[in-house]
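The structure is given below, and queries will be raised subsequently.
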Amino acid sequence: MADARPALLVVRLHAEPFDPLALLAGTGPGGGSGAHPGGWCGGLGLDSPAAEAHFIGRVRGTAAGGGVLEALELEHYPGMTERQLQVLAQACAARHGVAAVLVAHRVGRALPGEALVLVAVAADRRGPAQRCGGELLEALKHEAPFWKREWSGGVGTWVEGNTPLG
Amino acid sequence: MADARPALLVVRLHAEPFDPLALLAGTGPGGGSGAHPGGWCGGLGLDSPAAEAHFIGRVRGTAAGGGVLEALELEHYPGMTERQLQVLAQACAARHGVAAVLVAHRVGRALPGEALVLVAVAADRRGPAQRCGGELLEALKHEAPFWKREWSGGVGTWVEGNTPLG
Amino acid sequence: MSVAGTGLTVQVRLFASLRERAGWDARRIELAAGTTPEGLWRQLGLGDGAIPATVRVAVNQAFADPHQPLAPGDELAFLPPISGG
Amino acid sequence: MSVAGTGLTVQVRLFASLRERAGWDARRIELAAGTTPEGLWRQLGLGDGAIPATVRVAVNQAFADPHQPLAPGDELAFLPPISGG
């Protein structure tokens, strides 16, 4: 694996529901023609990585106030959002010396259970893969311009801040 | 999600190559008849979790001594290995209050690039999902009876200990 | 709100709660040389005093200092608290 | 190596490098009451002195104390350093 080479990065915004496992398998929308045998890493020209960490975040069924969530609206800043995701992924990948990073994020109106975010990291060691994935997730929650509005009881409420790491 | 209920656990040993993404999608060997719409969590009767962390480890192409690795042989203690994985997953899941844990581990003779281990955790929050996944991976590396033998240049060498977390 | 003849024109963009409160999402503004994002925040009536600590400024789609004078053609955005992921 | 008439029979299992060094993987052993895994380790000639710190003991497929006497029917295993995952 190529810790010395700059990491391969893929950043994707999805205006429609996306299937995180299909993206990882290299068969997702825009993932090219058919499944790549090496999945998303193979699609980047990487051999099967020794270590791969993924995180998938999905829309909850309840709003912050406790009511039933009808939908989650995700606003972004076209252009800056993609750029920031790229900058954050690049910095995090370099800091941990990982081989590849995939970030996919939903925009627009999403329903409970739908995927919101996917972060995948391929590396030669499990520590860097896991740490890079965790840090990049926190970074994009605070440093990439996305805004959530929860729709509950027909009323939309902007979410100011993130759910705690827990 | 059910932080108070005991976590749902799945532990699998695979004597043949397995596809981690197929297991996650609920379409893997023994994963039941066809894809479950909710993937491995849906197969357990869980709604789509708000947070899901995965780790996949694969066989490297080089032996510890630097030579080309021809194969990795994985010996285990039938009965105790499954039991220990269950005990470790249960304890880790309870400690972090997660909803479900899937552990799959390869046994027998594996080739470079093939999946060795998959750990997946579903939870209501990203922190517990990530921490439980990371800790369970370390725990099974040290507390579940598996023994690796690297085959390189026609010579088999038992691996005494794990690769560093890095 | 515009200062004729300075030739300093910037594009201002608002997002999410800020956009809704102001009732607009983008405006082309002509303004005096040396104007900063902070100055424009007051000038546009987006808030009474300084830019609140929770609001961030982006210039040309990168986070920027609210006290740095704007240049002709800049795209200035005021960003309410981010909640991604 | 067996003590006739005690009725205390245990199954001993070896794995990986220990199995290869000893040349066997499982044996049924009859032994004196009060015998511990540590005692059996010497008795079977698996090592000169005490069980090395790197070798772990399992009794009935759970990690166990090497100084705890064995019971009839126990399955005892000596486990070389684990390397899973």
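A, B, C and D label the chains in the order they appear, each numbered from 1.
Rule of thumb we're sticking to: a contact is a pair of C-beta atoms (placed from the backbone, for glycine too) under 8 Å apart; a residue touches a chain by one contact, two chains touch by 3 or more.
None of the values given here were measured: they were computed from a predicted structure.
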Separation of mean Cα positions, chain C and chain B [Å, integer]: 50
Whole-Å separation of chain centres (CA-atom averages), chain B against chain D: 29
Residues of chain D whose C-beta touches two or more other chains: none
Chain A: positions in contact with at least two other chains: 57, 137
Chain-level touch network, classified as line, ring, star, complete or other: line
All chain pairs that touch each other: A-B, A-C, B-D
Complex interface listing, chain D residues touching chain B: 13, 15-17, 54, 58, 61-63, 77, 79-85
For the chain B and chain D complex, residues of the former touching the latter: 57, 74-75, 77, 79-80, 83, 105, 116-117, 137, 140-149, 158-162
Chain B-facing residues of chain A, complex: 21, 24-25, 39, 47-61, 112-114, 124-130, 133-134, 137, 163-166
